[in-house]
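Presented below are the structures under discussion, each in the form of structure tokens.
Okay, so subunit A shows up in both of these, paired with subunit B first and subunit C after.
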Partner chain A sequence: MKSNIMFLLVVILSLAMSLTVIGKTNITFMVWGNIFEIQAYQRMVDKFNQSQKDVFVNLQSTSWGAYFQTLQNRIAANNAPDVFVMDGAYFDNFAKEGVFYNLTNLMKDIDLSKYYFEPTACEYNGIFYGAPKDITIGGILYYNKNLFDKAGLTYPNWDWTWQDWLDAAKKLTNIDANKWGMYIPTYGEGGLYQIIWGAGGHILNSDRTQFTLTTPDTLKGLQFMYDVRYKYYVNPSESYMQGLSDPFMTGNFGTVLGLSSSIVGYKSLPFKWGIAPIPKGPAGRYMSINQLSYVVSAQSKNIKADWQFIEFLIGPEGQKIMAENGQAIPALKSVVPVYFDNFPQATGLLDILNKSNEDPSILRDIPFTLSWYEWENMLESTLEYAWTNTMNPEKAASMAQQSCQKILDRALKQ
Partner chain B sequence: MRKSKLITLIAFVIILIGAIPMILPFVWMISTSFKSLSDTMVFPPDFFPKTLRWENYTELFNLVPIKDWFLNSIFLSVMNSIGVIISSSLVAFGFVALNFKFKDFLFTLLLVTMMIPFEAVMIPQYILFNFFGWINTLYPLWVPSFFGAAYMIFFVRQFFKTISTSYIDAAKVDGANYWQIFYKIFIPLSYPVLVTVGLLTFINTWNYFLGPLIYLNTPSKMTIVSGLSFLSGQALGYWNYIMAGSTLAILPVIVLFLIAQKSIISGIELQGGIK
Partner chain C sequence: MKRALVVLSILALIVLGSLAFADSVTLNVASSSSASTQTLKLRTETWTQYAPYFPQPPVIDGKINLSDEWYLSPRYYLGLPVDVGYQPENWEGQEKQSAVYYMGWDQNYFYMAMEVNATPVVQMAVGSNMWQGDHIELWFDTQMQEDFDLKQPNKAIFQIGISPGNFDFIKPEIYVWTPPVLASEVAKCKLAAVETSTGYNFEVAIPWKLLNVNPEPGMLMGFVVSPSFTNKPGTLSQDVMISSSPKSPNNWGNPQFFGNLFLIDPLNKF
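Our next item is the complex of A and B:
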């Protein structure tokens, strides 16, 4: 008898519990990330779910390598996640295919002046599809304090020009001891774009339809990257760099241009380091700002719940969890200092962000277009001829100009 | 006598030289699994770690659900092996012992499916499994094996063809039906090949990287090989942990191979006994 009552109770209880789950609106949220990033997302989702009576978010995660394939499969199967994270590299192509829900009306309630906001990773043809998640600053100067101290040099600062940089690099380089003064990455966001900008050049014209890789100013930038390798020998050749996944971590480089996202891996380096802005070029100082965004699928049936969740993610609470976790710099300006509590060595990066609040022109958008990832690959592989000294920069640039233009023309025509 | 010893010696040296490049990546993997993260980036690389960092292994267990990953890998590998052994031996038997219309055509069709790369069928397959509601479950990764695997069918069929048809005829005279012929004559005769099929399937499934990444979207549901990809992100790979995980991941396969080597040999002996 007793067990019967118990059984009845269990049935009623489980029914009641399932009813509350049924009563909730379930939405799916897909992200990519390593295990630490996924932990941060999980914390945000848990916090949101605790605060909600009517909405329940399911976190789904893949690794970076599988993300866009999985996303495409799911869209094809009409099973797209309701909310997901988007990268600028693929943003335009996905937007053009009609993958995203139009957020323009909903975004009106968001005060974008409170955010670091890069339109090219959130807008397409003037329509808002993405809400700002986090930022990555590209072309910042990491320097190895141990090597600077040993050479008796002062650390890089805001007054540094390319010439100062080169002078220091010459003193830091000791090829026999395998020590190098600098490394300028040859991919766009890591250093190539910023050097070209500093020389006064551009990758694309202002409406992003024509490449401008062979203009004299752009060539000036490419020539600088060539000269540090084959005229001054302060930057190793690309064939030397093969297989070096992160030169700065080796401790053999005095200065390395790179992305702000690297500091996560630099936290426990066995040497002291700091961050400075990229040295001033003949035409000024420019770094890049890149952004990830939260988007809503056009296939979603619960736009209201989706937006409620996004408002939480980009609001102070969600952004703070992300900042505390230390995996990405939040896009919400007021929360940015929280992130830097994790990285006392990276105050130089906070300075850059603070300066950019006074002078936003020092941060430029990545020139994302349709098929960006395709022409970016082409750009890197054609300019590679210059970095391995099989061609002069001028010749490599004209080759890059033709090949990249072809890709862009095809993408724009379709 | 002396000559053959010399030849053995030369062969031994050649094999030894050949073994070095084969074994080097494994040594590198194990060596990296004991380094700290910053030591993995040192250039020129240190072949041996400065200090043995055993914490990589203990930390790995706290970082990721590696026990779940192992259980998933074992489950999938065992299920796939069973599935492929059953389905491919049955289908191969049909192609060898039965006579039916379009037999050769169907067999050619089967071979053609081997030429289609996975990337070409990936999205239609995903749509199908999504229709079944199997996304984020292990089903898409083992159920298909019960419906045959083209290469293994081909493999088993080639072996079945070496079995004399007089066995079939003799069994028929004795009143055996096809089912009895299958499991009383063909299966015992082909132990070694079935063990090989099972072993190959086990190892293939164990090492299968892409499938789990596509069908699963919760870290704890991953397999050991695919799960390790969660240790490498867009910007940074935790190579010391990845290598520690990889070292653990290959252990079962190596052990299995050492065990199965024996059973392949005993299977061949068995076959000799029947003859």
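Our next item is the complex of A and C:
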């Protein structure tokens, strides 16, 4: 009897909830993320729904690994989510295939000077398809204060050059004790791009149609990454440790280049740490800025409601919820300090962002192109020949140049 | 006569193993180190395989000598449609993508030999990226009894890649994706691969020390072996995987989908 009453109550409640949604414009919002990120999205959606009489947003989520396949399957089935989160890696390909709704007219009302805005992650062929969601800074220098203190070294700062970095790394390295002075990741955004830029080189030419991996300046950067492994032995070679996903967390590394998003995992590390800008190379100091965006499906029938929701997401209220959650740095500059309330050890990162407001040239965008994800994979895998000492950097770069160019040429011709 | 008895005892074990495929099983076995028996839990809905003790270690040179070196091992075949565990739509059939393998062990090493049909052999990557070319993936759950309900990798679960290289500038190599290990320990593995007219053969010896295992007859581990293939030369892509536990490739690192591996000593030579 009791269970029957409970059942009836559940039915009545469900009906009541359904009735509140009936009559509203329902839109679907698809995201990827871990449990904490999904919680933040849910809070944003709830807040928006509470404020709406005519629109109701349904949140749908997958893991990062399943996201783009799920998205492509839904697009093919003419069942695309109305609004979804987009990554720069796939942006150009999706835009070219006509997946996104053209937001150019709607974006006219947005003052982009108030945002960190990366055209490569939001525009294609001069048309706005994405609204700025958040940013990731790549190639920042994490350092272990305990190891620096023990070695009697001053912490890295804005005056540091590659030479200062190398000198400190030599003092911090004790191979027998498994202590290392530095680690430069070999994937593009984590360290490879920034080292090449600091040497004066580039991945691609200015119109992003030709790779420039074998130019003397690019090779200078690659040689530096090789030398710290096999000449100075301050950076463990790829063949030293296997299966290690994040060296900095071991506490055995004095300095590690990486992404700003890593600070989420570093929050409760059992040692003191800080963040500094990447040390200055022979041609200057450059870090990367990457961006996720909110896009609208070209299949959507509810453009007005979609845009209303996006305006909320990129507005102060939506951005503040994201900042408070601490999973991503909001794109809206005025809300950025809220994010850093979560991370008192990351003042060095806030410093980098503040400096970039004065001198935007220190942050460069990721060289996204059509089929970026394909050539980036080829680039990393082919340069790995150098990092494992299978061949020298010049030869590996030459192979990477040919293989990557083939992929890009094919993508541009299609 | 002695060899016939060995073969018969192995066949009997294989029959026992196939029973494990049908049902949930706990097994009472005599421990080699004491007179008592112990109860072992077996994974079900999967295969149980056997690695015999080798009184004489095989020479790791890529030349698989079945009459002298590997004769104690059952012959395991992967190449039936039911063996295809990952992206079956890309499987090019048993003549092009299949494998036969043999296993054994002694106090120092786990041994495996494999003849792989892979035409053509495609491998452009090295180190942790080898998964994007032709390679073999091995999983060991070395504390299966203690962690029987575990659903994700821990420090006792090893994912090991074996690449034949490209028979040019990329040498055969072993990479341990999980857990983190020193490469100097991995370097103690012995590996040799040779190109054949239909693919490649390899022999490998993996030190038990790398796996933190003290082997003994009757020991049971979680185990999967999955040959992985890349179909198109010049590409980085994992196109298809066949597997001794076909559900494993789509459930990365989940030991619930592993098979069972018994270390046996058919000649009582341990």
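One rule holds in what follows: the second predicted complex is superposed on the first by the 393 of 414 C-alpha atoms of A that agree within 3 Å, B and C clash if a C-alpha of one lies under 4 Å from a C-alpha of the other, contacts with A are read in each partner's own complex, and residues count from 1 in each chain.
As a convention for this text, a residue touches a chain if its C-beta (ideal position, glycine included) is under 8 Å from a C-beta of that chain, and two chains touch if they have at least 3 such contacts.
Bear in mind that the values here come from a model prediction, so they are computed numbers and not experimental data.
*Asks:* Assess the superposed three-chain arrangement around subunit A: do subunit B and subunit C clash, or do they fit?
*Replies:* clash
*Asks:* Give one of first, second, both or neither to describe whether A:377 is in contact with subunit B, with subunit C, with both, or with none.
*Replies:* The answer is second: A:377 touches subunit C but not subunit B.
*Asks:* Thinking of the overlay built on chain A, is A:251 touched by subunit B (first), by subunit C (second), by both, or by neither?
*Replies:* first
*Asks:* Of the partners subunit B and subunit C, which touch A:354 in the superposed model: first, second, both, neither?
*Replies:* Neither partner.
*Asks:* Have a look at where A:242 lands relative to subunit B and subunit C in the superposition and call it first, second, both or neither.
*Replies:* In the superposed model, A:242 contacts subunit C only, not subunit B.
*Asks:* Is A:385 contacted by the first partner subunit B, the second partner subunit C, both or neither?
*Replies:* second
*Asks:* Residues of subunit A touched: more by subunit B or subunit C?
*Replies:* B
*Asks:* Once the complexes are superposed, what residues of subunit A are shared between the subunit B interface and the subunit C interface?
*Replies:* 244
*Asks:* Which of the residues in subunit A come into contact with subunit C in the complex?
*Replies:* Within the complex, subunit A contacts subunit C at residues 238-244, 377-378, 380-382, 384-385, 387-388, 390-391, 403.
*Asks:* Under the touch definition given earlier, write down the residues of subunit C that touch subunit A in their complex.
*Replies:* Of all residues in subunit C, those touching subunit A are 124-129, 132, 169-171, 175-184, 186, 234, 236.
*Asks:* For subunit A, which residues count as touching subunit B in their complex?
*Replies:* That would be residues 30, 32-35, 37-38, 60-66, 69-70, 72-74, 76-79, 178, 244-247, 249-252, 259, 261-262, 264-265, 268-270 of subunit A.
*Asks:* So in the complex, the part of subunit B that touches subunit A is made up of which residues?
*Replies:* Per the touch definition, subunit B meets subunit A at residues 36-38, 41-44, 63-64, 122-123, 126-127, 130-131, 135-136, 210, 213-214, 217-219, 226, 229-238.
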